[in-house]
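In the part that follows, the structures are each spelled out as structure tokens.
Here come two complexes built around chain A, the first alongside chain B, the second alongside chain C.
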Partner chain A sequence: MTPTTRSAAGVAEPSGSGGDTETAGPVAKTRRRPPPAGALGFRIGVGLLAGYLVVAIISYFWTPFDPLGVGGDVLVKPGTPYLFGTDRLGEDVFSRTMVATRYDLAITVASVALALVLGTILGTIGGYYGKFWDGAIMRAIETFNAFPTLLFAMLIVSAVGPGILNIIVVLAFVGLPSYLRLARAEVMSRKTWQFAEAARMVGCRSWRVAFRHLLPNSIGPLLAFTAVNAAWVALITASLGYLGIGLQPGVPEWGSMIANGQDGIITGQWWVSFFPGMAILGMTGSLYLLGDGLGDRFDPRRRR
Partner chain B sequence: MSRLGETMVNFHEEMRTARLVFTRLLWIIPVAAGVMTITFFVGRVFSGDPTNLYAPPQADAALRAKVRASLGLDKPLINQYFTYLKDLLHGNLGTSFTTGRGVGSDLLERMPATLELGTIALALGIVIGIPLGVVAAVKRDKWPDFMVRVFSLGGMALPAFWVGLILLWLFFVSWGILPGPVGRLPVNVPGPPTVTGFLLVDSLLAGNLSLWWQAARQLILPSLTLGYGALGPIARVTRASMVDALESEYVRTAVAMGHRRPTIWWYALRNALLPVLTMIGTTVGYLFSGAVLVEAVFGWPGVGAYALQAIQNSDFAALQGFVIYAAVLFVVCYLIVDLLYLAIDPRTRA
Partner chain C sequence: MSADTAFDPAARHSSPVREPILEIDNYGGYFSTSADQAPVLKGITYSLARGAITAIVGETGSGKSLTALSMLQIQPASFVRTSGRILFDGQDLAELDERTLRGIRGARISMVFQDARAALNPIFTVGRQIADVCRLHQGLSRNEARDAAIAALRLVHIPDPERRVRQYPHEFSGGMAQRVMIAMALVCKPELLILDEPTTGLDVTIQAEIITLITELCRESDLTTCLITHDLGVVAETCDYAVVMRRGEVLETGTCEQVLTAPRHEYTQQLLAASRLVDNA
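Presenting the complex of A and B:
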């Protein structure tokens, strides 16, 4: 089994069931992987995330009440007509939590994807070609890493102004250095391995060796990191919303919904803030579980 | 080896360590310069023309030009940049346009509140997180492990501001056993004379025990909130690192030699603590971010609340000053962690 095919199989079916081809007797049995320790957590994570996606899609067609419908009953307790109660403006918390899924999920996925792609490309170049670019890139990263992430995001977002596109770009930019560093380290560590030498020997161009042979072997750790980073990005999105610098005011977003319910906590209306927080917990928690599962799967040292 | 030879080797080693420490200290200069450069360009390029903040909206072109000149904005960007760097190196972080005072002195005045909160939160994270991680590793894949993993996952997956609000709802609103979010002291309670700025220290210095108790009670919820976020990563890293250590050969040897289990755990823990140390260094950065959120929930008059106020008033100089402050402190913490590594782990000295 060459490293390339192993990783390709892993990417195609990350659900934990791949790898056991049961055709060839005892030899295949010994090669079969033991189930990863975090397999259950991994499945919970994938299932929950799929649930969030479904809710986000449903929210386009149907919500129990108008999510922006001001003027209903104010601060109703969670119960029959309003599952999660209503807020100070009479908006249905359940409908708003549903709609907010779109924004939080879209921002997280888009910015993480952007950072993953750009960071991986730059990191692969840095790791493979080394020398000048590598040094320059690494110095720049060290500097960016000196900023605590949320503060840096706060600084840029408050400079460029609110808006979904701005947030996506800023969060991608803030996250990019970590991907770059990881991709670089992965590619660098395999640059002189035999399969890379072999590829060079049969006449592959350098970019082909870097992107078609080395990079696919690094995709496992990158994906595991992506999941963990996505959880962090989701938290920052919510934090920006809570601080009131994320999206335009009035747009349903979990963080800003929690901020809206903050006064209610003191007067006893806990539900306005409570349910959006649970929604965040579900999403970030399942992303962490997903990251742990992928990490266990791709890192042989951790798989026990 | 002769006595003299031994001394020579020790001396040589010490020189090498000193050189390592020195290069490590020098490294802070380019990073700090980079931090300042980035914040400058983020400020000037993205945030638009600050003239609008200082000039009245009905101002005509001449007045605007005057304001621009007084802010130094009429000069080329590169000159502005060097002026800014010079100011920073003199400790001048600019003037906050809301408070009308220097950002540096504003931050300095509010720093003790954040440091007091952050220190206690970090201490809680370490004192609770490490034992939890050890328990989880020792009882791996059994129910204590499961509980610890869920609990520490919560610390990482929950937004700090939400945790703070829920704790307030439980302990203040529902049960009424802890004070509400009114800051460092109950309303209308005068603070102790300022010596260090830390209320817990100052009240003791003033010999006022009831004041100490009041300040401590105000601290409980915010520091638990912030500490829970710090605890998650610390417990997780401790667990992972401890699991590795428990499977190592020296632990197997210790088991074979028939040591008691606490002794063995202690051996393993001492070796497992290095990655934990790195994580604690990283946590300091989290504490600064978390402070912005937690201080907003609890009305805590620290630098985080100052930054939030700056955001809400689009007071860019104040926000920028805070971020530089945080970044430099963060780098210093990293440095301390690296130096501790040198002290603890002989391999890094080679």
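Presenting the complex of A and C:
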């Protein structure tokens, strides 16, 4: 479909990314096409993410220990009763990892959703109307693009101060240009297609052509990119936490938990960093898998 | 209104009986993107008689389609008009504001493109696309619009329309997709239907079916049709009037009989000779 979808497919499942199209080969001439190659990965991704969501919700009602309860046994190995062990302050790593899921998930989802919506709207306007609007939007975006992303995020966060809302806005802001460019390119490439002209011909106003006829055609690539980008945002969130400029100090967050435990890696207390690290890996991985499967699901030609 | 049109110079070409629904008067212009800004339309003048089928014949690049797009004011933005006007029902289309034009497009003037499969949005069902037109112009409810879409598909002889409305464009063959386009064009009962090479790219048998369908629909209702085509055989069989164009100029207009049996212009004679060769083969 587009390079984005294809590269998304290539990341997670290089062997089967082409198997869901009609070009299955001359031999495999079965009546029913086999399920899309990305289906299993997609299900795993959805399942894992659902798991994260469940954990985040449960953490509001129950954790095995108080996630902020300093003063227990220090640096206990994983086992019972501390499933993931305890850190240097005697806090239960398992409980903290659970609570951290809320923050990381909320920040990722909220900032990505914000970036997706705003970026898509601006990109569609720029791509469809062109001329002045396109120029204005693109020049503004290029100004922000001149800064390295993580550095830019760090600068803004340290300027506006820590806090979950600030992080969400900053990450949305930093991620917005990619969505904008993708939506703009998608709309631009289709606006001279006949069905766009046909829509104008039957009397649709321009915003309707752009948002109701052209944009839905780009939903697949956009969502696929969104999922992959969400993985990246989850990493940036953790990176900011790791650098200690994300949330308020002490708030459980995977990145800051890794930072807390990094001394232990050398001295043998691996578990303090390891489990939050695995949580990040699982979340980014599931988002990649999700992105892999999403692209195809919005194209009726590829749906079964 | 009828009194006004009666005084119009209706008989621009030899069509004394019917008054025109659309008149193109000395219409000309160029593309601002071309380096020398050479005119692509030079004083186009013809009219479409109400209730008749008029054929626009000419080679590729002769300005047939551009003129047709101008009838809906959806010509490319780079086209600059230098002269003339297009009168639809006595109103100059170029003078109308966008809002009024939107009310005309799809409701009073409809157009069918050459490649129907490209003109349908691949991610919506055909039923929804037809229904959208109804809802846009007639403000029908979702269910009413769906019924209208089914009725429209039935009108163009698509079998099993209740099932077909739920299908996507890629599930339609080229000929069926063209029928869908015609259904979509006719769903709001327009007064003028413009067909821009509706059968190019289809099988010969399917071409014949589509042309038969178009003629049938036009004869049944009081629909004015403008058929842009290469196919002189089709013109001879179905059309009332013919306009011959080449290189942005109208070479000849007249009734079909006149143009085909006694062509005045050399180019028309060449066209006829060429098509006869094909016919005999």
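Rule of thumb we're sticking to: the second predicted complex is superposed on the first by the 259 of 304 C-alpha atoms of A that agree within 3 Å, B and C clash if a C-alpha of one lies under 4 Å from a C-alpha of the other, contacts with A are read in each partner's own complex, and residues count from 1 in each chain.
What we mean here is this: contacts are C-beta pairs under 8 Å (C-beta built on N, C-alpha and C of every residue); 3 or more make two chains touch, one makes a residue touch a chain.
Just so it is clear, the structure is predicted and the values come from calculations on it, not from any experiment.
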Fit or clash between chain C and chain B when superposed on chain A: fit
First (chain B), second (chain C), both or neither touched by A:273: first
Touching partner for A:243 - first (chain B), second (chain C), both, neither: first
Touching partner for A:298 - first (chain B), second (chain C), both, neither: second
Chain B versus chain C as contact partner of A:40, first or second or both or neither: neither
Residue contacts on chain A - larger count, chain B or chain C: B
Partner chain in contact with A:204 - chain B first, chain C second, else both or neither: second
Contacts of A:193 with chain B and chain C, given as first, second, both or neither: second
Chain B versus chain C as contact partner of A:217, first or second or both or neither: second
Minimal inter-chain CA distance - chain C and chain B, angstrom: 20
Sites on chain A touched by chain C in the complex: 193-195, 197-205, 213, 216-217, 219, 298-301
Residue ranges of chain C touching chain A (in the complex, touch as defined): 72, 74, 98, 101-107, 110-111, 113, 115, 118-124, 132-133, 136-137, 168, 170, 181, 184
Contacting residues of chain A [partner chain B, same complex]: 37, 139-140, 142-144, 146-152, 154-156, 158-160, 231, 235, 238-239, 242-245, 255, 258-259, 261-262, 265-266, 268, 270, 273-274, 276-277, 280-281, 284-285, 288-289, 302
Interface residues, chain B side, partner chain A - complex: 30-32, 34-35, 38-39, 42-43, 46-47, 141, 153-154, 156-159, 161-162, 165-166, 168-169, 172-173, 180-181, 240, 285-286, 288-289, 292-293, 296-297, 307-308, 311-312, 314, 316, 319-320, 322-323, 326-328, 330-331
